[in-house]
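Dumping the structure here so I can ask a few things about it.
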Amino acid sequence: MLTISLTHYVVLSALLFSIGLFGVLTKRNAVAVLICIELMLNAVNINLVAFSKYITPLDFTGQIFSIFVITVAAAEVGVGLAIIIAIYRNRLTVDLDNFDWLKW
Amino acid sequence: MLENLFVGTADWLRSLLGGIGFLPTEIAESIVLLVKLVAVLVFILVNALWLVYMERKVAAFMQARIGPNRVGPWGLLQTTCDIGKLISKEIIIPKKADKVVFLLAPVLIFLPPLMVFAVLPLGKNMAALDLNIGVFYLLAIASLSTLFFFMGGWASNSKYSLLGAMRTVAQMVSYELPLVLSLLGVIMIVGSLNLSDIIAAQEHTWLIFTQPIAFLIFFIAAVAETNRCPFDLVEGESEIINGPYTEYGGMGFAMFFLAEYANIMVVCAMATIMFLGGWHAPFGLTFIPSWVWFFIKMYVLIFIVMQFRWTYPRIRIDQLMGFGWKVLVPLSLANIFVTGIGMYIYRAIGW
Amino acid sequence: MLRTQEYVLNFGPQHPSTHGVFQILLTLDGERIVKAEPICGYLHRGIEKLAEARTYTQVIPYTDRMDYLAAMLQNVGYVQAVEKLMGIEVPERAEYLRVISGELSRLTSHVLATGVYALDVGGFTGFLLCFREREKMMDLLEELTGSRMTLSYARIGGVADDVTEGWLDKLNKLMDEMPGYIEEYNGLITGNEIFQARTKFVGQLTPETCINYSLSGPVLRASGVNYDLRKAMPYGIYDRFDFEVPLGTNGDCFDRFYCRVLEMEQSVRIIKQAIEQIKEVDGPVMAKVPKVLKPPKGEVYHEIESSKGIIGYYIVSDGTNKPYRLHVRRPSFINLGYLDEMLRGYLIADVVAILGSIDIVLGEVDC
Amino acid sequence: METSIYAVVAFYGLAATILGAATMVVFMRNIVHSVLFLAITFIAMAGLFLSLDADFIAAVQVLVYAGAVCIMIVLGIMVIQRTDMNETNLFNKQIMAGAGLTALTVAFGAIFAGRTAWVELVAADAVPANTVDAIGALLLSKYVIPFEVAALLLLVALVGAIVLARDEEVQANADN
Amino acid sequence: MSDWAGVFIFFTVALVFGAGGILTSFLIQPRRANPVKMEEYECGVPTIGPTWVQFRTSYFLYALLFVIFDVETIYLYPWAVRFNNMQIFTFIEMIIFIFILIVGLWYAWKEGALEWK
Amino acid sequence: MFGKGLVKGLQITWKEFWAPKLTVQYPEKQHTVPERFHGKFVLDVDKCIACGLCANACPNRVISLNKQKVGKKQYLTDYQMNIQYCLFCGLCVESCNKDALHFTKDFNMNQYFYKNIPLVLVRREAPAEPLEEPAMGGEDQPKPKLKPQAPKEEKVAKPAAPAAESEAAAGKEGQ
Amino acid sequence: MEVNKEKSRIETAKSGIWAPEYFGTNPDYHNMYEVKRVISAAPLEKILNLVRAHSIWPLGFGLACCAIEALMGANGPRYDLSRFGYEVMRGSARQADVMVVAGTITKKAAPFVLRLWEQMPEPKWCIAVGSCAISGGPFVDSYYVVPGANKVVPVDVYIPGCPPRPDAILEGFIMLKDKILNKRKVVAGQ
């Protein structure tokens, strides 16, 4: 128990991912869904960095990929929020329960 | 002798703890570290108090008056009294406020400046910690304070606070970019993110001479980051009363108040390290201890910041944003290019 | 298409830059102003009503308290109205003293306006440096009249007291120094690029609007309308002095501010001429007026150029020793009339700049 | 590989913080509180990265996530929130279904994890001290294509977001 | 690792300091509740309408731009560190990278996202 | 152009930084108060004939004086100025024919308690007999400026009773 | 009964409508809500008073003419309130210690003055500057003027004058300092 191994990180990542997933599936506010997606992406990052350390410490592949993940995440949040704002402007709500229309 | 005052003390403490024998080295190291940290904490607090006093004195002197001179010798205890009073002053938590966040913001607001000071070398071998990614660490930590300002303003749930908070966020966000980009030139020349390396690289030439534009951008952006005049829209007294901390009284306000001065110290110390050669003595005046030099440089910058405040009117928010995005950001990008090309030419000439 | 939510912000009454207790209800969209509703009356003291219960002489101290920044000009406006009503000739020397103290009052008011405007846009030092000179002027006024702000110096038929020994020399000395000080304000405030960026082309007023809304004083002249009562319809002895009426071109905040600075120079000029001329004039400072003033039945309207604009006194007399009705045309109040339209579309920061550039004084707005 | 007691404590502490804060993110009823807990998650995650010898990534995590993304989300919220902030982050109607689905995923994950033959693949080398240097070198040589693509991605995101969120009047004109 | 432990200690110290300050204050301050005191301050008059108001998109656009450029800097810093021992080729790569983002800035400028609304 | 004004500003503040300071350190030193200053009132009791002109001239009925007829002359028994209503305009001083009422240069009339604010310039009993004609400066004449004693309640409470302090007996005269 | 009165007073401060019957009737009406302290020890209180007395931050609001003298003039270069450390003019009532009522309180202004006062944190003081603030002064018989700040808030120091000289304002601040340092002595009438 007194060793922290790769498994610990993987389990942590899995748990975080599930929390994120739960949020994505159940939150009503569109922004909250975005937030939960962020959580999931972060879970991925944990895996990437952990694998990088434990498997290929000299290659930095995992670290570099986590940078790319962060990039993608940032872009995703930006665009996602912009979409939400655009929707909000039309519908005055960000409540996903109301997003059952198919066209604007 | 004076040169090694602090380093020597730390070493002495370490050897003392080592001499006890039964302590594992890790614990001993932690104790030394803790002592260093407490020293830094005290240093920051004392300096912040002094800076408030200095600010008032400088202001008074520029306005043909005397300034605090009644409490203690030359009024030196004035700010101590102020803080003492603020501690014993009621903190009002408005009914509609988000109580936890409201109280959390002043607790956290001191975090960034304190944590930044952990890595700043205040003299030769006088950094509490020496991190490999020093500069990046500084920037990362400094970027946190935006969030805390927002927390304070948002949680107050009053319009002036919220306006102030939104302004803070917009402003700090806009000026963080030039701040970050302007340091790139320095990093390119030095080739390391380690603060000690950066200082070491300036032993002969201060980077202000090779990177004057970067220094200018950095300084302006730093003044804006700390919400100082002419960029003090956040607490623009005559516009939005006190900005994010309109609702804060007592110790909550004191925290914001002190953090502001701690932040000034942080950015001035950063500018000193990045551009003014840190603790290196100019003209070979090495008989003055390195940390004294550091202080002198830092205080010169602080004085300039204060003089700005007492000279300039406040810029308007749209001008502020325009200036940040349309002038400073392109300028700092251009600076990167110029530095890069310059360095290639430099290398090609092969000095 | 939806806009963002508009919200209402109370700007004042307790606000560092509303120059007293003035409230503007701002309807904002983000930081832009959609609508501005000035709310005054927080300082309404009923001076006009109080005057009906006081004798003509006793009203004088109350006029001080309207525009307390340039009290002498208010005094003069009132007493000249009463004198017009009663047909009293004022001794020469008193006229000069009125001009000198009046212009000095105008100087204190303009210096304060300059400083406060600097404070409004964020420059604290400019404010206190202006106060430095204001103190010197106040010293002189105090020596002459006994009070620093609420002078009550004019009397119906003259002024309360003659100058003290050496007062005119002191005044002359200060007036010699004034251009240097004004130079300093220009360096610190006017010439500052940030200040200009803040104020130029903000809150512009066209000459037509100014005239239509009956604006007066530096606000009017900044729009390029050459109308200064001291020149247009000289009252008292203003026709004896040689001075210019500074005019603006754009009618923006900067012009309004700068007009005041230029007017200070002109006031200095007038005072220096008056000092020269008063030395030749000797005699009493008070006309022979009865102890109990009972103007004939009738009404009178008299207006003069105060530091904020045209101040007019309308007095109805019913033949007793108390005015039947007193009404004052208060320039600050009237200059505020266009505030709403002026503010629309600007940012919160501009509210301060625009309001400051009108240079209101609340005692006068609410009377 | 034996780990020092401090590292163990640090790991468990950080893991608890991350999971706790993440749970709070999901369960908070006020969306701004959710974001604040998100920031805590991010900062704790930076600590976790430090324990993985990835100091650069940790700093990036703080700089980008806690310092920038959180702020952006908060500002996004301020732009779209018209009423009181309480009760802004509720669960939707499908909460039970969502919970079930999540449980299912976790269960599947657990099953597969259980069936995987976990080998403690541990590389012998330690992570070099100067990570930034190595990352810089790699970025501009081996990963240069993703690097440039990232730039393009950012550009596209920027343009797209601006087009979407552009100011009202502009869009109003476009619509008419 | 030990350096970062130091950072952690500092983090704790800072937190303790902040919390301690506020706590001390709560211990020694006089308190007097009062319904008006607990209302929000707004220049001395009761506020009108909701206090958590909505803001315009321009704030968000600034944050968006900031995020994008902030992400850029995480690429720029490793590059800058390596700059001294790099070939001209990598410099050009970087120029392309920055250029792409300058296009973004230019676009934002053109679209008026940099105007304060 | 850009920058010149900014540098000029810095120059000015820098110059001011070293310029001599104007401050007069108040409690130790005082800025000179001019002769004509409208400060605290004094009444030269010997000159005052209790004619009441001053009270009439006052726009705000600040002065309340009581007199008694002693012999042929009016004898001033009570002269109180409710300076909490005073405008310090000087009309009363101007109106006094006998030159009895004066301003002093003493500006400090501060009080902790409302009821101590009124200036009691004279309060004395009327003598039963008419005094001898050259009675000025007699031993038992009260000094012109009296230490304020607790004035009568109804004098103070002109518009309404003072609200705040009721607990203490007597206040502290402004130092 | 008392509680009702207090309630009405609070209502007044909330509503912004001047209702004279709620003011000034009960001399102790400002002490309806008791002051709570977690720790209250006499020596500590003494130190705190010492500290408070030397750091009185005025609330920056001026009502009328007196404000120019009391808030600007006394802060000006010649009189320089900052020597005592009292120059930190706070825009927000939450950070102020002393309310300098400088000028005429009209019936429209009274509710907001009271509201500001109530919103100031404990401990707080009030200085009434000028005749108007003491008693309504020149406008005491006006239909629209509240006769004195003490009808609205409890006043600690009165500074007569119209307007008082800045010196007198400084003196007032010094007197307030004495009062904070030595409350009992002042109350006992020295």
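Going by the order they are written in, the chains are A, B, C, D, E, F and G; count residues from 1 in each one.
The criterion applied here is as follows: contacts are C-beta pairs under 8 Å (C-beta built on N, C-alpha and C of every residue); 3 or more make two chains touch, one makes a residue touch a chain.
Please read these numbers as outputs of a predicted model, since none were measured by experiment.
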What's the overlap between the neighbours of chain E and those of chain G?
B, C
Of C-F and D-E, whichever chain pair has more C-beta contact pairs:
D-E
What is the chain whose Cα centroid lies farthest from the Cα centroid of chain F?
A
Taking each chain's centre as the mean position of its Cα atoms, how many Å separate chain B from chain C?
45
For chain B versus chain G, what separation do you get between their C-alpha means, in angstrom?
37
In whole angstrom, how far does the Cα centroid of chain F sit from the Cα centroid of chain G?
23
What's the distance between the Cα centroids of chain A and chain B, rounded to whole Å?
33
Find every residue in chain F that makes contact with two or more other chains and list them.
6, 9, 12-13, 16, 21-23, 25, 59, 87-89
Any chance you could list the residues of chain A touching two or more other chains?
67, 70-71, 74-75, 77-78, 81-82, 85, 89, 92
Tell me, which residues of chain C touch at least two other chains?
1-2, 4-5, 7, 9, 13-16, 31, 61-62, 125, 128-129, 132, 135, 150, 188, 192, 194-195, 347
How about chain A: which of its residues touch chain D in the complex?
2-10, 12, 14-16, 18-23, 25-29, 31-32, 34-36, 38-39, 42, 45-46, 49-50, 52-58, 60, 63-64, 66-68, 70-79, 81-86, 88-89, 92, 94, 96-97
For the complex, which residues does chain B have touching chain E?
26, 29-30, 33-34, 37-38, 40-41, 86-97, 103, 106-111, 114-115, 118, 128-131, 135-137, 154, 156-160, 162, 166, 169-170, 173-174, 176-177, 180-181, 184, 187-188, 191-193, 241, 246-247, 250-252, 254-255, 317-318, 321-322, 325-326, 329-330, 333, 336-337, 340, 343-344
The chain F residues in contact with chain C across the complex are 1-6, 8-9, 11-13, 16, 22, 34-38, 57-59, 87-91, 94, 103
For the complex, which residues does chain C have touching chain E?
4-5, 7-15, 23, 25, 29-32, 347
Along chain G, where are the residues that touch chain F in the complex?
23-25, 27, 77-80, 83, 131, 134-138, 140-141, 147-148, 150-151, 154-162, 164-165, 167-168, 170-172, 174-175, 179, 186-190
